[in-house]
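Heads up, the next two complexes both have chain A, just with different partners, chain B and then chain C.
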Partner chain A sequence: MKRIEGLAKLTGAERYVDDGPADAGLGMGPCLWGMTVRSPPPHARGRVKEIRYGKGGGGIDWSKLVVVDHRDIPGLAGGRGVNEVLMIGTDQPVLAAEYVRHVHEAVVLIAGEDREMVRRAVAAVEVVVEGEEAALDYRVEPTAAQVQGGFDANVLKRLGINKGDVEAALAAAPIVVEGEYETGAQEHVYIECNGMIGWVDAAGVVCVKGSMQCPYYVLNALKHTFACDEKGVRVIQTATGGGFGGKEDYPSVIGLHVALLAAKAGGGRPVKMIYDRGEDMQATTKRHPCLVRHRTGVDRDGRLLAQDIQVRMDAGAYVTLSPVVLSRGIIHAAGPYFCPNVRVDGKAILTNSVPYGAFRGFGAPQTIFACERHMDVIAARLGMAPEELRRRNLLRDGQTTATGQVIKAHAPSPGTDRVALMDRALVAAGWAKKKQEHTAFNAASDHLRRGMGLATFWHGAGFTGSGETYLKSRVHVAGLPDGRVEVRIATTEMGQGTTTVMTQIAADRLGLAADRVVVAVPDTTVVPNSGPTVASRTVMVVGRLVERACEDLLVRVGLGKDAKGAVVGEAVRRWHHLRNAEGGGPRGELIGEAVYRAPPGVQWDDATYRGDAYGTFGWAAYVAEVEVDLRTYAARVVDFVAVQEVGSVINPTLARGQVAGGVVQAIGWALMEEFAWKDGAMANATLTNYIIPTSDDVPRGGIRVEFVENPYPHGGKGSKGIGELPMDGPGPAIANAVADALKEFGVEPNRLPLTPERVMGMMEKAEAAHA
Partner chain B sequence: MMAAGGTPPTPMAGCTDVLAHWPGNLAGKERAYLDLSGVGELRGVRWTGTHMQLGALATYWDVVTDARCVAEMPLLVAAARTIGAVQIQSRATWAGNIANASPAADGVPALMALDASVVLVSGNGGAGGLEREEVRLDEFYLGYKKLRMRTGQLIEAVRVPRRPRSVSIFEKVGARRAQAITKVGAAIARSDAGWRVVANSVAPTVRRCRAVEEMLEAGAVVRSPLGFAAALAKDVAPIDDIRSTAAYRRAVLGRVLYFALRGKAGVV
Partner chain C sequence: MPDDGLIEVPLTINGAAVSVRVPPTDRLLDTLRYRLGLPGSKEGCGEGECGACTVWLDGLPVCSCLVPTFQCRGREVKTIEGVDAATLAPMLESGATQCGACTPGVVMMARWVAEHPEILGSHTMRELLAGNLCRCTGYDGIVEGMARMVGPKGTHHGGADSTEKKSRGERV
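Let's look at the complex of A and B:
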């Protein structure tokens, strides 16, 4: 099926938050432009001594501007307003009050009709900060002066996994291999920057619409700050130009900002905030930087005996989602291998950087990079081929993961043969033949070196552990008077194809043509909370709920659960006809409903981190071929094969697009995307200086994507998650390929991104060690 | 307008530098600008018996699509093709690249390697006529963003002498293969006038590497990238910044020169 909104996006007809009418269609006057005064460098941490308005003066008429700082918050919510952004914690203020914990923290909001005047007013406000010693390097223990927030050594969260007896197994192991692996931050660079419109409607309801992944997260944040129930707030998603996790938690912040400005402006006047690229890069969340240490015991045949893994992540200045990112990180840290003794010790460290948040992969790419690089380091130590080491250790059905989860087939599907999956990738990539060719090529070339790299990995599908059970996602499928059905979910389209696939799922389940299915605009007054659009859960979890809500709808109109086709539309129309003919009462809505229930047999213990971390996993084997130019030390990917088992593939075009796009995003993370930090703030916050791949950095033959399909009985149409796998595997596959290409020099590319500067540094280090 | 008293307006041609920073550039919005786009005499590429002349409004695309440039001055075409994408190439001007005076400019090293000069024009104090001055491009930069140019002068044209060149090499090292600002770059040419080696992004200005040129003239034997190290230590002074490091720039400039020149002069 073709993408439903594809033509509108291609032709520019789609309306993003900044594209609507000047008055946002509300008839209450044109939107005021909202902007943010942020805490200035160099103080990444310190006391706010004073906020000075009116510096500079020139041409600013403050009487025409709406100004909000932290002192306004209680009063703007009937005296009950709370200066907290509700996420996992409530530590982050909506607007900094007496203290700032990172550079570019929001302090004052200003709105007005004249955008240029607002810009000048923002520049005219001076936030005076009395600096305190900031913690800017999460890798080292903080000094006493750097400890903050009452945390022990700035450890925001510590989580561990224990299986078997690691110390005893390491002591007995004939070979122990150690390694340290590091990955940097990453900016989402969604094509549409964060943007929101807020207003207070005639009934006093605080309304927000804009670019977001998770309408109910924004709703909950509004409820908390405005101290009201869900009747007092409304959130609507507009067409969203990409998210990648960057619009999971941050929209709550900008949503609160427009809502506060609108509340202060009064008169139902809408306020619009559209970040420019620089502000979006400086102020919003990024991928957590991460340092992982491995100490692994193996026998001479390469069998894993013990894995001792320490994971340390930079959480940034506030909690945001860091505990959950750390959780997913440590669960994936040991890789898709069987090892009888595993210990993972994970820490998220509070620093004074901009808060790190959700980003595609959610902690797993970082720990998978470490695990898969380390597998190649072990193989090199053993003199064994990297694919052979993996072949000997990949999980077989019936074996257990680090958390003690037994990996098994989901009847009636056969189990996943992870070794066969790897072999398929190796064959598709021409692994053995290419390796031979490279040996000859590298010997003959004076300045080019080619290499191949492999990664075998996994990604837990959906929320970790009991997450879905706590969430109790709810989905409605409404039967409309004209016989069409409307899918009502809070799960959002942000470019990944949700609208199309949900249409497919409902149309297939009910035997209707696609044009008889509508997917409702996510508006919290219309759609129930089907959960956030994250964690590769949309098609698998919400898609399954859509199927079940379709079945409920069929029962409500007096049909059997398996009814399909024209009878469905007729029954829906008849239901409405009868209700209206009976007359008198309010015109009823016909709604089929489904609420999440966990697949049978899934057990997870949050206290001990033992059990079934996920209902199921996606499995993958990726192969990268790279060429390193010794003139410039630049590595580029010349071929890429991505083979994965993701349950059923519902829309092959969209699925291939997800994988290819994810691989390209991961190429950027692996080779280019480097932050220039200054005082914990991003110094290269432009697309000129923060480098992401262009089409010329992608292999000429494209990303070669293959799927193995094993339907998962508890996922929508048999699906498992797809979207995050392609962020997990390319980093290590590319780094392993660079190591292979440069093996004559003995370099160990254990830190991403592998910028040319870093490759040069590794080469020089290796040469110095050699000399 | 340029000759009137006070601060003259900033001349604008393709606007690709000005507009990139426009929304947040509060100071820039207070300034006056002079739009040159209507001055037809400043457009395009002209050829005389001895020179190729780029008007102040000549774009990169004008050069890419000029058959004589392609045949006679491939160095300029190679440089033009590395700048932004077609949209930028068709708006951005050679003269603007010179006036913007970025040490990372890509048009400047190619022009400098071809011994280009800048034609400056100014009003002569209300007497009606125009005064012209021609400055060699390799003498045009006095320091970071400091030009050998008086208040009230305007770049009218860039003149490049026509002479056979046996070597034309343009090397650009950016942070990715396209759409990138140069981290290290070099333009190399050889004619009867001798070797020209010009480097960008390795000093406060685009700069001729005269010590390297002398090595090439003398046929000094160079057996590895390090063979250029001593000469480059005299010629360039790279720094660490948000795009790269001094160490990388120094090392890679030597490597780029070595591999580009292998088999030529004394480079083996």
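Let's look at the complex of A and C:
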């Protein structure tokens, strides 16, 4: 099935948050333009001494502007407003009060009709900060003066996994291999920047609409700050131009900002805030930088005996989602291998950087990079081929992961053969033949070196542990009077294809044509809370709930659960007809409902981190071929094979698009996306010098995507999660390929991104060591 | 210039003659989006890097965020709203759009190549698209859709396949 909103997007007819009429269709006057005054560099931390309005003076008519700072918050919510952004914690203020914890922290909001005047007003506000010693390097222990937030050594979260006896196994192991692996921050660069419109409607309801992944996260944040229940707030998602996690937590902040400005403006006047690229890059969340240390015991045949892994992540200045990112990071840290003794010690470190947040993969790409790079380092130490080391250690059904989860088939489907998956990728990539060709090529070329790299990996599908059980997601499928059905979910379309796939799932389940199914606009007054659009859970978890809600609908109209086709539309129409004929009262709604229940037999203990971390995993083997130019030190991916098992593939075009897109995002992370930091702020916050892949940075033959299908009985139409998996493997596959290409020089590309500057640095270091 | 500081700019947009009064600082992108009710062109970066705002100016693709509107006096602008939807079926079928924010710019570039296939004699599609950043698709769906839209005209001029093979071969 073709993407439902595809033609609207191709013709420019799709309406995003900044594309509507000037009054946002509300008839209460044109939107005011909202903007944000932020704490200035160089102080990443310190007391706010003074806010001076009118710096530079002239031409600004303050009487025409709406100005909000932290002192307004209680009053704007009937005296009960709370200056906290509700996420996992509540430590982040909506607007900084006496203290700032990072550069570019929001301090004052200004709105007005004339966008240019608002811009000048923002520039005319000076936030005077009395600087204190900031903690800017998460990799080192903080000094006493840098410790903050009431945390011990700035550790805001510590999580661990323990299996077997690591110390004893390491002591007994014939070979112990150590390594240190580091990955940098990454900016999402969704092409549509964050943007939101807020207004207070005639009934006093605080309303927000805009670009977001998770309407109910924004709703909960509004409820918290405005100290009201769900009747006092309303959130609507507009077409969203990319998210990748960057619109998971941050929209709560900008949603609160427009809501406060609208409340202060009064008169039902809408306020629109659209970030430009610079502000979006400087002020919103990014992927967590991460440092991982491995100490691994192996026997002479390459069997893993013990894995001792330390994970250290930069959380930035507030908690945001870091505890959960750390959790997923440590669970994936030991890789898809069997090892009897595993210890993972994970720490998220508070620093005075802009807070890090959700980004596709959510901690797993970082630890999988370390694991897969380390596997190649171990193989090199043993003089063993990297694929052979993996072949000996990949999980077989019946074996246990680091958390003690038994990997097994999901009846009636067969188990997944992870070795066969790897072999398929190796064959598709022409691994053995290419290796031979490269040896000859590299010997003959004076300035080019080619190499091949492999990564075998996994990604836990859906929320970790008992997350889904706590969420209790709810889905409605409504039968409409004309016999069509409407899928009502808060799970959003942001480009990944939710609308299309949910239509397919409902149409299939009910035997209806696709045009008899509509997917409702996510509006919290219409759609129930089906959970956030994150964690590759949409098709698998919410899709399954849509199937069950369809079944419930069938029962409500007096049909059997397996009824399909024309009878369904008939029965829905008849239900409405009877209801209207009988009543004369308010029209009832016909709604099929489903609430999440865990698949049988899944057990997880949050206290000990033991048990089934995920209901199931996606499995993959990726192969990268790179070419490094020794004159420019530029590494280029010339071929890429991505083989994965993600359950059933429901829409091949969309699924391929998820994988190709994820791989290319990861190529950027691996080779080019580098942050320049100055005093904890992003110094290269433009697309001119924060470089993401273009069409010409992708292998000319495209990303070669293959699926092994093995239906997961508890996922929508047999699916598992797919969205994040392709972000996990390319980093290490590419780094391993660079190591292979440059093996004659003995370099160890253990830090991403492998920019030309970094490759040059490695080469110079290697030369110096040999001299 | 009248007293209100606005400049009268007559120009042709999607074949229709219009006249707009704009401040001298208005970019063509702002004028299209906020004054003429044509929000199809998107702002992705505001500095000519991402190409989401691509329109044709006198028949050539440009970033409308880099063009002051007053420079468009008497000139011809074509935007995404002026593209014939019927030509875009191959892009839809190949998965050329995901979130859609880059898409209008991508389509303006792809349609330009489709109407000037001779350029594929000297440039690959991937080179021609390098000024349009997409963060969703990994570009393969776009390149495939574009190749299908260009059709045999492109391969005749040494399009996607042969040029790509050639440039890869040259590296040896």
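Couple of notes before you dig in:
Please note the rule applied: the second predicted complex is superposed on the first by the 771 of 771 C-alpha atoms of A that agree within 3 Å, B and C clash if a C-alpha of one lies under 4 Å from a C-alpha of the other, contacts with A are read in each partner's own complex, and residues count from 1 in each chain.
Just so we're on the same page, a residue touches a chain if its C-beta (ideal position, glycine included) is under 8 Å from a C-beta of that chain, and two chains touch if they have at least 3 such contacts.
Bear in mind that the values here come from a model prediction, so they are computed numbers and not experimental data.
Contacts of A:242 after superposition on the shared chain: chain C is touched, whereas chain B is not.
When the two complexes are overlaid on their common chain A, residue A:141 makes contact with neither chain B nor chain C. Of the two partner chains, chain C is the only one that A:653 touches; chain B does not reach it. When the two structures are aligned on the shared chain, A:496 is found in touch with chain C, with no touch to chain B. In the superposition on chain A, the chain among chain B and chain C reaching more residues of chain A is C. Touch criterion met: A:119 reaches chain B, while chain C stays clear of it. With both structures placed on the common chain, the touch criterion links A:397 to neither chain B nor chain C.
By the document's definition of touching, both partners, chain B and chain C, reach A:694. By the touch criterion stated above, A:447 is placed in contact with chain B alone, chain C being left untouched. Once the two complexes are overlaid on the shared chain, A:190 sits against chain C while remaining clear of chain B.
Contacts of chain A with chain B, set against its contacts with chain C after fitting on chain A, overlap at residues 116, 276, 688, 693-694, 696.
Residue ranges of chain A in contact with chain C, taken from their complex: 2-3, 5-16, 18-20, 22, 116, 188-193, 239-244, 276-277, 441, 448, 494-497, 627, 638, 653-654, 656-657, 659-665, 686-688, 692-696, 698, 700-703. Within the complex, the chain A residues that touch chain B are 116, 119-120, 123, 276, 278, 446-447, 630-634, 636, 672, 676, 683-684, 688-689, 691, 693-694, 696-697, 755-757, 760. Within the complex, the chain B residues that touch chain A are 20, 23-24, 26, 29, 173, 175-181, 184, 242-245, 247-248, 251-252, 255-256, 259. Remark: chain C residues 25, 33-34, 39-47, 49-50, 52, 79-81, 83, 85, 88, 91-104, 107, 124-127, 129-144, 164, 167-168, 171-172 touch chain A in the complex.
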